[in-house]
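What follows is subunit A paired twice: with subunit B in the first complex and subunit C in the second.
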Partner chain A sequence: MSKVGIPRALLYYQYYPVWRSFFEHLGAEVVTSPPTNRTILTAGISRAVADTCLPVKVFLGHTMSLIGKCDYIFIPSMTSFGKKTYNCSKIIGLPNITRAVLPECPIILDPNIDLEKGRWYFYHQIYKLASRFTSNSVKMKKAIDVAWQKQLAYRKKMSDEKITSNQALFDLYGSSHSASSQKNPQGNLTIALLGHPYITNDEYLNHRIIYHLQNMGANVLTSEMAPQTAIDAAATRAVGETHWAFEPDIIGAGQYYTEMKVDGIITLSAFGCGPDSMMIVWVEHRAKETKTPFLPLSLDEHSSGGAMLTRLEAFLDMIKRKGTKLPTPTPAYC
Partner chain B sequence: MKLGIPHFGNVSVSIKAIAQQLGATDSLIIPPPMTQKTLNLGVKYSPYEACLPYKLTLGSLIETCELGANTLAQARGSGICRLGYYAKNQEQILRDLGYSAKFLTIDISHNKLISVLRLIKNLANDASWYEISSAFFFGISKLFALDKIEKVVQEIRAVELEKGTANKIYHEAIRNIDEATKRKEVKDITKEYIERLNHVEKNNKAHPLKVGIVGEIYVVIEPFANMDIEEELGKLGVEVERTMTLSRWVKYSLFLNYLGADEWRKVHHLAKPYIDHDVGGDGWESVGEKILFAHKGFDGIVHLAPFTCMPEIVAQNVMPSTREDIPVLAVICDEQQGKQGLLTRLEAFVDLLEFRRRKNGRRIYNTR
Partner chain C sequence: MKTYLGVDVGSVTTKLVLINENYDLVASIYSRTQGNPVDMIKKGLQEIRNQMPQEAQIAGVATTGSGRQLAGVMLRADLVKNEITAHAVAAMHYVPDVQTIFEIGGQDSKIIIVRDGIVVDFGMNSVCAAGTGSFLDHQAERLNIRIEDFGSHAMRSQNPARIAGRCTVFAESDMIHKQQMGYPTDDIVYGLSQSLVRNYLNNVALGKAILPKMVFQGGVAFNQGIIKAFNETFHTEVFVPPHNELMGAIGAAMLVHEEMRDDHRKSSFAGFGISNTEYKISSFICKACPNLCEISQIAMDGKVLARWGARCDMWDRIDKK
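Now for the complex of A and B:
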């Protein structure tokens, strides 16, 4: 039985159930890399060009940890998920970057998922991918159907139960996916945490931000906890025509949660993220208009958990004091 | 209407010519040349992680707004990098600054020609399509003339005896072409200046190093963004070539691509083993062009990219893995760069190329 490796980074958090069930139905075994740790991060950083963003470096580290443990590595090139909406260049070129930077990598399965090119192109790509494992097209069709249903159920589970991807994956696949945060905590503040799922769910990269926020007495809402249709609609309300595939996750969720009147918004982005540099400005603008407290956080390989905790504490203190009247400070000299 | 456009290479020369032909000079505001002030304005009001072209075009648009522009032209589109988002974001920033300017966007991913013509139609207070198209062709003839002269300048700069002569002539040519009012005049000026350039005193024995310039279109074409890298290389005695020019963009993107020509067919084909589909922006082209320049027997490549440019980061990661090992100097452009630092790197790079040439001779790759 051939083994397919899936690196636990980037789009993994959004699409793991569909990928896993697809390969399992085709009769392959799925191997996943361990959660991010120091070794993986340094390995990734050592190979990529310095300007590459942190999530891609982490991705390369995960891929390196899979070398020797599987026959294939699955790195799809997720170009476009709908009419005129595209992904970030680095995600589109991910198989190419990996192949160039890690020549020792086993065979890379790189279907090009580009719905802009139409249905037949998509079917062709999936067929090409599946035909490595089976020549039975009925089996392929069944694998696709089951996988897609799994994906829909996964997305619905997150928005219904209001849980993060990590927690949902733990419920579905158990032990290897543990999350330090709790489900549905009863905090007295509601904070929306906006960011790509691959940053908000990678607990090594984000220094367990959700756990810390919950400890400080906040309920954390991420984009996965809102229904997909609602954030899609909110994104269209905010900017009109969408341009990027993650616009609903950041702008849409930002719009949705400000309309819900959350107590504060925190955005979490990786340094040098192209789409984020443009989208966070929108969320900030929206927060300013509605007078919602706003904290932008940016992560890179040098960020430390301690500094982040201080900023989170200060931010939550500010929200708690908002509205309460402070005593008028007495002038220092009269 | 007062139309303002961001500064980009020689675009303003051609837009000005179009406006003059249509008698709409009053409704066009020519952006002042880029200076440190433009950059400072752009940096001050942009999101801090935005790329250099964003900051420069924003700075340029603010300057045109100060001169009284109330309609601004900016690119838009899908399937490309952040560029698709510029107009949406900059409109908001300008509104916050108190300029009530409307944006006229040029769709550069789909209906390019139509949106360019629509922009001109708006500029010309509904002149007839015949007038518009003749003015348009006159405008782009200036672009073609300038690029033709520039190509000669790039060759002469490397071998001229008195450094800076070719550049002086080139700037004079830009001024003269800018003032020309007929197509015949443009043609004569081009001929005259190419003649003058060819008669510049030069070192006939010199066998200059050849360097290809690849990268993101804005920083490649706009000399302010890349700190006049072509001129500086010329001073070091290096002949520069770049495929990406404005006239080429006009020729292919606005016309020939509609007729079925594929501008980058060869380049894409060469890049296929490393990148097999579009990654947005100019990333795919950069990799292909590196290989193409290597096949043409160039000594080195300068890869220009704005800081945090997504497609160029893909290209940077992929470039070292190509079979053709030709030296590549990656120059990242942003507001923090200093000219002296760049010059030191260029000198070291040129030394390396000279050493390599002495050692290997010229290596021409099998093009098959």
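Now for the complex of A and C:
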């Protein structure tokens, strides 16, 4: 049985169930890299070209940890998910980037998912991929159908139960997909945490931000906890036609959660992210318009989360203290 | 007389204050941390005790600043508060109609936006210490002047040099160039002050609605050159409150007063005896997983009081004997 490696980074958090189920139905075994840890990050940084972003560095580290453990590594080129909607160039070029910096990598399976090119192109790409494992077209068709149902169920599970990708993957696949964030407490403070799922779910990169916020008594809502149709529609309401693949996750969720009147919005982005530099500013404007407290956080290779905790504490204090004024005895000066 | 102790352990300086129930300052200490917060807290506490009036008793203890966890454990504080909230509370007390608070300390700088006595927004410097007290400290050292004299040099400047302020390394090479061009020290010093203010406004304060009344606090507010640069930028007087350097500690003390009064609690303060207690701080690398977290711990008489630095809960549990 051939083994297919899936790096636990980038689009993993959104598409793992469809990928895994597809390969398993074709008779392959799926190997997943462990959650991000220091060794993985250090390895990734050591091989990345200088100008890539932190999530790509982490991705390379995950890929390196799979070398020698599988026959193939699955790195799709996720180009476009809809009409005139494109992904970040680093994600589009991911199989080529990986090939260039990690020549020792086993065969990379790199279907080009480009819905802009139409349905037949998509089927052709999937067919080409599946033919490595089987020549039985009925089996292929079944694998596609089952996998897609799995994906829809996964997406629905997150929005129905209001859980993060991490928690949903834990429920579906067990202990190797651990999550330290819990189900939301019934706090009276609701915070929307906006960012790419590969940042909000990677607990090494984000210093367990969700866990810490929950410990400070906040309900944390992320984009995956809203139904996909709702954030898609919200993104259209906000900016019209979308052009970035992640607009629903950041702008859409920003619009949706400000309409829900959450108590505060925190954005979490990786230093140097191109698309974020525009989308986060949009959310900031939206937060100002709706008078929603707003805290932008940006992550890099820091190993200590202390500075982040100070900001989170101060942000929640600011919201909690709204309306509390200290009784001021006669102003002492000025 | 009930008094409240506020302790602000910063990266560069350690501040301790004692306030009474009317928020008046009863005693205060301001000293350099010198990389040894434990000893500074112990020494500071001793000093506070010497300054303290006979009839005073400690009814609440709060810690703040980047060393707030450590100080909180040592003193058995009733409240451990982040420095943003603490600074805002103190500024609003001294200047009730404040709308903008600039706070520049040793390694971080912040801006706090207040409307009608409520904090509505804040910003803090990101990774780099450019635009903070450390930046000035380094440059003063390079110019071979004492940091205490920095302000008076700046005030004498006639024709300030324009110096790049984005990054300490760039500023340094720019400064050397200006020295070689023959600029007098006074002009370079004021140029540095202006570049710090520019850097601060372009990074920390970016996009914030800065309205008067503006308050400038933190250790750097001692520096006349920076105050002048702020005033020139805004064409208005930036107000420096009395005890600008103690504001964080005062705010923490005010907050613990509020909390103790609301909860009718008794202080868990460890007592002045801790000045004579041996604390041992040590660190080790946890090898339980590939993360290799650096764990530091504080122990008193061989008993571990607290640990920090882990990415999981494994070391959070302390065996209580």
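The rule is simple: the second predicted complex is superposed on the first by the 324 of 334 C-alpha atoms of A that agree within 3 Å, B and C clash if a C-alpha of one lies under 4 Å from a C-alpha of the other, contacts with A are read in each partner's own complex, and residues count from 1 in each chain.
The criterion applied here is as follows: a residue touches a chain if its C-beta (ideal position, glycine included) is under 8 Å from a C-beta of that chain, and two chains touch if they have at least 3 such contacts.
Since the structure is predicted, the reported quantities are computational estimates derived from the model, not experimental observations.
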item	value
Contacts of A:278 with subunit B and subunit C, given as first, second, both or neither	first
Partner chain in contact with A:101 - subunit B first, subunit C second, else both or neither	first
Touching partner for A:208 - first (subunit B), second (subunit C), both, neither	second
Partner chain(s) touched by A:318 [first = subunit B, second = subunit C, both, neither]	second
Partner chain in contact with A:49 - subunit B first, subunit C second, else both or neither	first
Touching partner for A:294 - first (subunit B), second (subunit C), both, neither	second
Contact residues common to both interfaces of subunit A (with subunit B and with subunit C)	298
Complex interface listing, subunit C residues touching subunit A	22-24, 66, 81-85, 89, 92-96, 117-122, 124, 126-127, 207, 239, 241-242, 254, 258, 289-292, 294, 309, 311-313
Contact footprint of subunit B on subunit A as seen in their complex	48-49, 51-53, 77, 79-80, 84-86, 88-90, 92-93, 96-97, 99-101, 103, 112, 114, 116, 239, 243, 271-278, 280-282, 285, 298
List of subunit B residues in touch with subunit A within their complex	47-51, 78-79, 81-82, 84-85, 88-89, 92, 96, 274-281, 283, 307-311, 313-314, 316-321, 332
Residues on subunit A engaged by subunit C in the complex (per definition of touch)	34, 37-40, 180, 203-204, 207-208, 284, 293-294, 298, 300, 302-306, 310-311, 313-315, 317-318, 321-323, 325-326, 328-329, 331-334
